[in-house]
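Next come two complexes, and both contain chain A; in the first it sits with chain B, in the second with chain C.
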Partner chain A sequence: MKIDRRSFLAFGVGGAAGTALSPLPWKLTDDSSIWSQRWPWVPIPVDGKIGYAQSTCMLCPGGCGITVRKIDDRPVKIEGQEGHPVNQGGICILGMAGLQFLYGPSRVKTPLKRTGKRGQGQWAQISWEAALNEVAEKLGTLRADGRPQGLACMTDTERGTIPALLKRFMTVYGSPNFIGPASAQDAQETAVRAMAGVDGTVGFDVEKADLILSFGSGLLDGWGSPVRMFQAYSNRQDRKTQIVQIDSRLSNTAAKSDRWISINPGTEGTLALGLAYHIIAKSFYNKVFVDNFSAGFDSFKQKVMADFSPAKVAEITGVPADIISELALQFATAHRPLAICGRGRGSAPGALSDTMAVLALNALVGSINSDGGVRFLPDPGYIFWPDPDLDPIALKGNEQSRLDGAGTGQFSHTRSLPNRFFEQFGSDQRNVPEIMLIADANPLYTLRDTKAVQAALDQIPFIVSFSSFMDETAQQADLILPNHTFLERYQDVPAPAGFTRPFIGLARPVVAPQYNTRHLGDVIIALAGQLKGTIIRAFGWDNYLACLKDTLDERWEGMIEKGFWMDDHFSSPSWDAMFTTGTGRFEFNGEKVASDPWTGAVAAEGDSSTFPLILVPYDSIRLAGGSIGNPPFMMKTVAATVLVKADVFVEINPETARKYQLNEGTPAMLTTPKGEGKVRIHLSEGIMPGLVAMPTGLGHTAFDDFLAGKGVNVNELVGPVEDAASGFDAAWGIRAKLAKA
Partner chain B sequence: MSNPSDTTQPEKSESPAATPGTESSGGAVVILFFIFGLAASMVLGWVIFPTLLYSKKKQPVDFNHALHVVEVENGCQSCHFFREDGTFSGRPTLESCVTCHESVQGATEEEARFVSQYVEKNREVPWLVYAQQPDCVFFSHAAHTIKGKMDCVTCHGHIGESDHLPIYEVNRITGYSRNIWGRNIAGIKRNTWDRMKMDDCSECHIRENVRQASVQTEKGGCFVCHK
Partner chain C sequence: MKQAHGKTKKFGMVIDLDKCTGCGTCMVACMAENNVPFRKDETDKRLSITWMQVYKLTNGKSYPDAEICYLPRPCQHCEGHHSGHSPCVSVCPATATDYDSETGIVSQIYTRCFGCRYCMAACPYHARYFNWWDPVWPGDMEKYLSPNVSPRMRGVVEKCSFCFHRYQLAMEKAILEGRHELEEQEYQTSCTQACPAGAITFGDLNNPEHKVHQLAQPDPHHHGRPKNPKVFRLLERLHTNPKIYYFSSKEWVRRAGDNYVKDESKSDHHE
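And now, the complex of A and B:
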């Protein structure tokens, strides 16, 4: 038998035929296709028992009720809580993405102590005991030295038991420097304190109004309680409600409104007074309210008639005089007109006069505490703790004036002025606090002129952050004592922004803490325990949960069950009983407002010859604001006309583009008196020539790789402008120039 | 063209009749080799390949279904039940077992090991699931057994009557249980429970006139199971 080439060929052909007749190729084809569906990186959710847990979202001041879907113990989805008075089962994009804050890579998983230089990101993991001991020792030393006022504390809310515990801690320690936030909500509350004497919150009855006149408020861009606003928007046709958006650019809100009125940025308050002019001149105002329940109308009228004539207002605002008069008529003749304010999302307070002008406009038509109007709500008073005993050190410390100047003298109506707080450091070295506690706030990102904030933070010898995430400010801390995330902790969430009834939401843990974190409330009580004496005596609770239960008292049971407490029987007091000003009436010009509020629009910083353009920040529902970093899910929804890779797009009119020889997508350098940033150009007919619009919420340097290093933080480019009447940051933009990069 | 074979070629072709025996034996050799090849690859494909493709695993604990079915009150549903929300519990968790097995029952070695290794340590038994479908398949037990009134045996066979758990064979390439493709490597089935591939689902769906469109999307075919 001769084995030759043909034999091999025959063997091969036989083999091939045999293989084809065996299941091998067919099975392998099938298996390899299944194999390709099972790459190791393809996530396969674990199966288990489905359950639901309810809580309250704490990612914005909206206070929505949430239902968290769980598989066994693992939360897998956040939905809106059905029947919740604030959001009625709805949820916004940020709330939906909330689980990424629980599982995301930017969490601080254990107490950290800085080992390298500040901001270098070198940390050593330390135990809670060591961390608390270190803070307590530093606090003890400062106090023993008789300088308790050298302790400062900054938070991003002044509502609820956690800020109250921090404030109490500061008081018994001996420092007046508890600094809360300053947002449009705070500006509204300040204006109501000045005009109505009511210390509480401000509600906007958007569901019942039949004409909503929005002075730049981004009802669809995250203003107030966003889901409630979406719902008021989407069912407005059933109610035959008209929405008029006054906005310097065609924002999403403007595009979806019944009418968009383009206005020069920063002049919204002037337009409000321009409308008041027509309403007063044509006697369209509510005479019952003005004659019987208001004070200062005559001087207000005089001022408006003298300084806010149609021609002048038209020139300042850029809104034609005939449209102003038409709008005034429409507003005054509507059944339930409502004017709202707070630019964009309302994260910046703006000038007090802008808010007062809008409140005065509501007052003129009697839309105060009426259906469809503005409601002045008393604080949902439930924190009734006995006044703490103060030792001599604390008494002396509390006599010192606050570094930010809020609450006294010319700023007697304002609670906190974070911008001023940091600005004071430069004027006198003795103003620099020696220890700073920062809870949930991220001033290094959220305050205007971040370079100045950085320089101020650099001067503070010891910074303690309680952040759950490695945010910009936490990166600058000496010690991080991480709090649980909102999904892992109990906390009261009172007064959703703009809500019209006294309301307290309750956040409840939907999952056990995932890492070695501790509740901020427990940490405050533990620190007080280490400092002993009058300090611990002010905290008569074993832990935060005991404090919360004790504080909410008989409301607790119902809140655990429903997730909220609401005063169902609440009705706004009538006009004769509601104002607690000196006159007992609504003060058109405000009470104890140091400077004349009606001085007109705040100018943008910078000179127009060097900086011919004006930069205006804008908010978007797809980019989280405030101290929260945009989660990865939301980053995927940001349009390619806003962000491409690391480049942020600024919006300009094609006419501006022609002038500076810029085209769609051209890389450019945007320069302002405060700084510069690399941007790209997006052309839009929806913005007037001469303006440059830039989104907020980008340009983070901290958090995770999905967010950090993308775009420019607009707060680096815009500086604060101090409002003479309130001390608030009144800046709405800044002068700028654009050049091809 | 300097290849020496070129010069020898004509010589061979000139005397073809001189070697008739060589040609026929050459043909036989070719056929023989063809058969060798055929046989070898058939053995490879039918016998060796399945053995190589599947790795055998023993369940963490042997389980006697037959014994339990007698002991429990409610048949299969005593341990494999629907939860309140309509989802199916699948294999029971330790919580179910502990109701009877808090301490050792009976005298088997497996039982003693189960109690000491899992019950006492409060560890879930990592059961290997013979019927596990890929994650891209949406399967509802409720739709089949409650609405469709099917019994467990139609898909799971007579596992409920077995004294021991069968060896679990896992496909080394796909990671799925052999029960999905079926014991028969050619994919031939005699019983409804022999194979659980996509065609087996659709065979029944077509025969039983199951709505061939998704309720949500009104799109046909695929969307019934692949949501």
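And now, the complex of A and C:
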């Protein structure tokens, strides 16, 4: 048969038509998805029995109850615990992503010993025995040399049995240098010690207040116990509560409040005293409280009348005088007014006077220990361990003064000053600690002026980290003795931030330890055991769990069952029995506050001619703060107006942008007296002209590739400003300049 | 129209934009529930898979009169003008996405999808996402994967399923107990459950006893258009008949829910 051109084409066309009409193309498309999808590396999650375990979240000071969904032994999701007094079944974005910490690549899986230079990231895996021996040997030598005060310890909380064990260890070892955190919560507690003489925690009764005046507090940006705040906002219409946000930036909190009052940054305390002026001048204050239960009112009044006149306050704060007087009237005439302080999520303490001004404002209207007011809660006293015996070395060591200067003299009300701690030995070699223990704190990321902190850490000969994760500070350690994560351990979690009742939460392991980690409590007891003598005698427990059970005593059974202990019948003492100051009254000007607290707003560091703009850090609920960093899920929620690739966006007003010829997305160099960072520009009508707002929580250099190397850590650009009255870091921002990069 | 296996459902949501704080918990709740993968760089939002996405709206005014409103956007589970005429369902050549007339849920069957992405082009809400890479869970994160949702592979489209596996689990339980109907609280999506502000309400829009029905007041004669004047749906004029309703007390927010030519009068909102 001869195949000519015609029949060849006919055969071809006929064949194509036939194939198209057959099921073959459809079969092929279907098969193509099967062939291209069945890869062995796409995991098939193992099925099993569904179960639930309850615990307490420890990712922030909020203390929420969590329910963990499990498949057999495997936690697969974290949800809020129904009926928990703090969060009532709710959960926040960070808690929801908590399992990514448990299983994530940034876990320290076994004790590590540094092999390369500091910070190079070269480690050798060692056994627990070898690790503990090495620490014990170093501790023993330092003590034998008679310099026990050369041991320092830093934590990110001073509450509960773990800090108490560490503190006890430090005491019997012979060092006063136990350094806790300094946050807005600590500033509130310090102010309450000074003004009311009460040593405890501070609660804000947001559920019962009918007017909440927030002085820059990011109630929806991670302040206090975040879920509780979300719920208080959400239900406020049912309660007819008004929320007024005073803020220099249209934060989420400002956006969702009933009213946003824009203010020059750093002048919130001045505005509080400006409101006090009107309340005093128009005699709107609570006379029963002021006349019978307070002291120092006359001098406070004199000071406010002289230095915080409406015209002056309007000029400093940028809030018009008529709005100040209107706000004062609204606050004074509300049934249950509540003023709240602590900037952003409250990670920095700020000037003591700012906190005192807000407490004084609450006191003026009688919102102290009343429904809807500020509550001074006594420390939930449950840690009653017998005083330890101290040997002569310990006695001598404890007589030395603390390196941070907290708790004595000028700063008698303050517990810990981490910023000052590092600054002190920056200048004087003799002050450099020889061994530093770091538990749950990440000062190299969280403290202002990270370069100075790095330089200080460089001088410490031996650093031991107990971190569960390879964070910035752990990277600088010589030895890492990893703790279990919060999902793998027992621990008491007392006093959720801002909560209004005595409360102790309990974290319980929801899963067996995933790696070769050890409970910090057990590690402290083991180290004490190696040091022998009075040191081990101070720890009469075989292990941490025994210590915890013993300490919680009759509360233990109920806590294991419910996950918390709460004093249901708690009521604040009446005003005549409440204050334990020398006068037994509420001290408007604070007791033993060395310098005059009412000196006005703290200025931003830097001169205005070189640095015409002001950099203000801002907190966002989608960027975790504190010692931990964002897990991958949360990175997915960060908007493209905040981070693109490795570039962080700073918010500026279009007016500022025009002045410096910047546009949306322009790469720019942001310079402050402390450093510089590469940023991009985001234009926003929600920020005051002249300000540059930068998110906190970015610019990590540690953890994992999902977080590290993205953006700039704002703490590199902002330096601390020491508050004369407390020693706290009072900085709220810094002067800055922007130039096209 | 009572059938042996229960009444026809139309599951939907009402999201209270006055309450939404933009915290993003719903987004993470969705990721954690549905084994959503992640990559080292998630800043290119065209590539970042977020079944639930929270958008930020602004009122366009200058400082300090500027306002912000957040708008969470899951799959809108469009019904179209007749059952199943969703923009995506009508273009899928592989029947990988389908409209379930019993629940009103738009499904996505990964193993049928061969990645042509017609549905993504058709979806006016950008609610669909393509897997450009195989998923990788670093460290030991594979351990947290839920067996109720299959991990997806490179080359397929995925989107919000209204946590359909939760519906299946709830139905299984109900049937074992001899029931054919679910209580309102028995089937709730992960985002609804997680929202700390209580901004999301989920339920059967056909059931007058469910909160979603009471809040949205869907008008059955006008393809579910809300009768509540403070409630709106996104891009109403496209007639996609979505099942996500938004509540806002603010006029500018409600107007932002649709496209308007400049100076178009407000009365045109409901055509």
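Keep in mind that, in the parts below, the second predicted complex is superposed on the first by the 699 of 741 C-alpha atoms of A that agree within 3 Å, B and C clash if a C-alpha of one lies under 4 Å from a C-alpha of the other, contacts with A are read in each partner's own complex, and residues count from 1 in each chain.
The rule is short, and it goes like this: a contact is a pair of C-beta atoms (placed from the backbone, for glycine too) under 8 Å apart; a residue touches a chain by one contact, two chains touch by 3 or more.
The structure presented is a predicted model; accordingly, all values stated were derived computationally and were not measured.
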| query | Touching A:Asp705 in the superposition: chain B (first), chain C (second), both, neither? | reply | second
| request: In the overlay, answer first, second, both or neither for which of chain B and chain C A:Gly686 touches. | output: second
| With the two structures laid over each other on chain A, which partner does A:Leu643 touch: chain B (first), chain C (second), both, or neither? | second
| message | Going by the contact rule set out at the top, does A:Lys2 touch chain B (first), chain C (second), both, or neither? | response | first
| request: Would you sort A:Ile34 into first (chain B), second (chain C), both or neither based on which partner it touches? | output: both
| message | Just to be sure I read the superposition right, which of the two partners does A:Met96 touch: chain B = first, chain C = second, or both, or neither? | response | second
| remark: Chosen between chain B and chain C, the partner touching more chain A residues is C
| task | For A:Ala16, decide between first (touching chain B), second (touching chain C), both and neither. | result | first
| query | For A:Leu220, is the partner it touches chain B (first), chain C (second), both, or none of the two (neither)? | reply | second
| Taking the superposition as given, does A:Leu24 touch the first partner, chain B, the second, chain C, both, or neither? | first
| query | So which positions on chain A get touched by both chain B and chain C? | reply | 30, 32, 34, 37, 44-45, 47
| said: Please output the residues of chain C touching chain A within their complex, sorted ascending. | reply: 19, 21-25, 27-29, 31-33, 35, 38, 40-45, 48-50, 54, 56, 58, 60-70, 93-94, 110-115, 134-135, 137-147, 150-156, 193-194, 196-199
| What residues of chain A sit close enough to touch chain B in their complex? | 1-4, 6-19, 21-24, 26-28, 30-32, 34-35, 37-38, 44-45, 47, 49-50
| task | Show which residues of chain A lie in contact with chain C when the two form their complex. | result | 29-30, 32-34, 36-37, 39, 41-48, 71, 74-80, 87, 90-93, 96-97, 99-100, 102-107, 220, 226-227, 230-231, 233-235, 250, 252, 255-256, 260, 262, 514, 621-622, 632-641, 643-645, 653, 655, 684-689, 704-706
| said: Touching residues of chain B toward chain A in the complex: what are they? | reply: 22, 25-26, 29-42, 44-46, 49, 53, 83, 85, 87, 89-90, 134-136, 171, 173-176, 181, 185-187
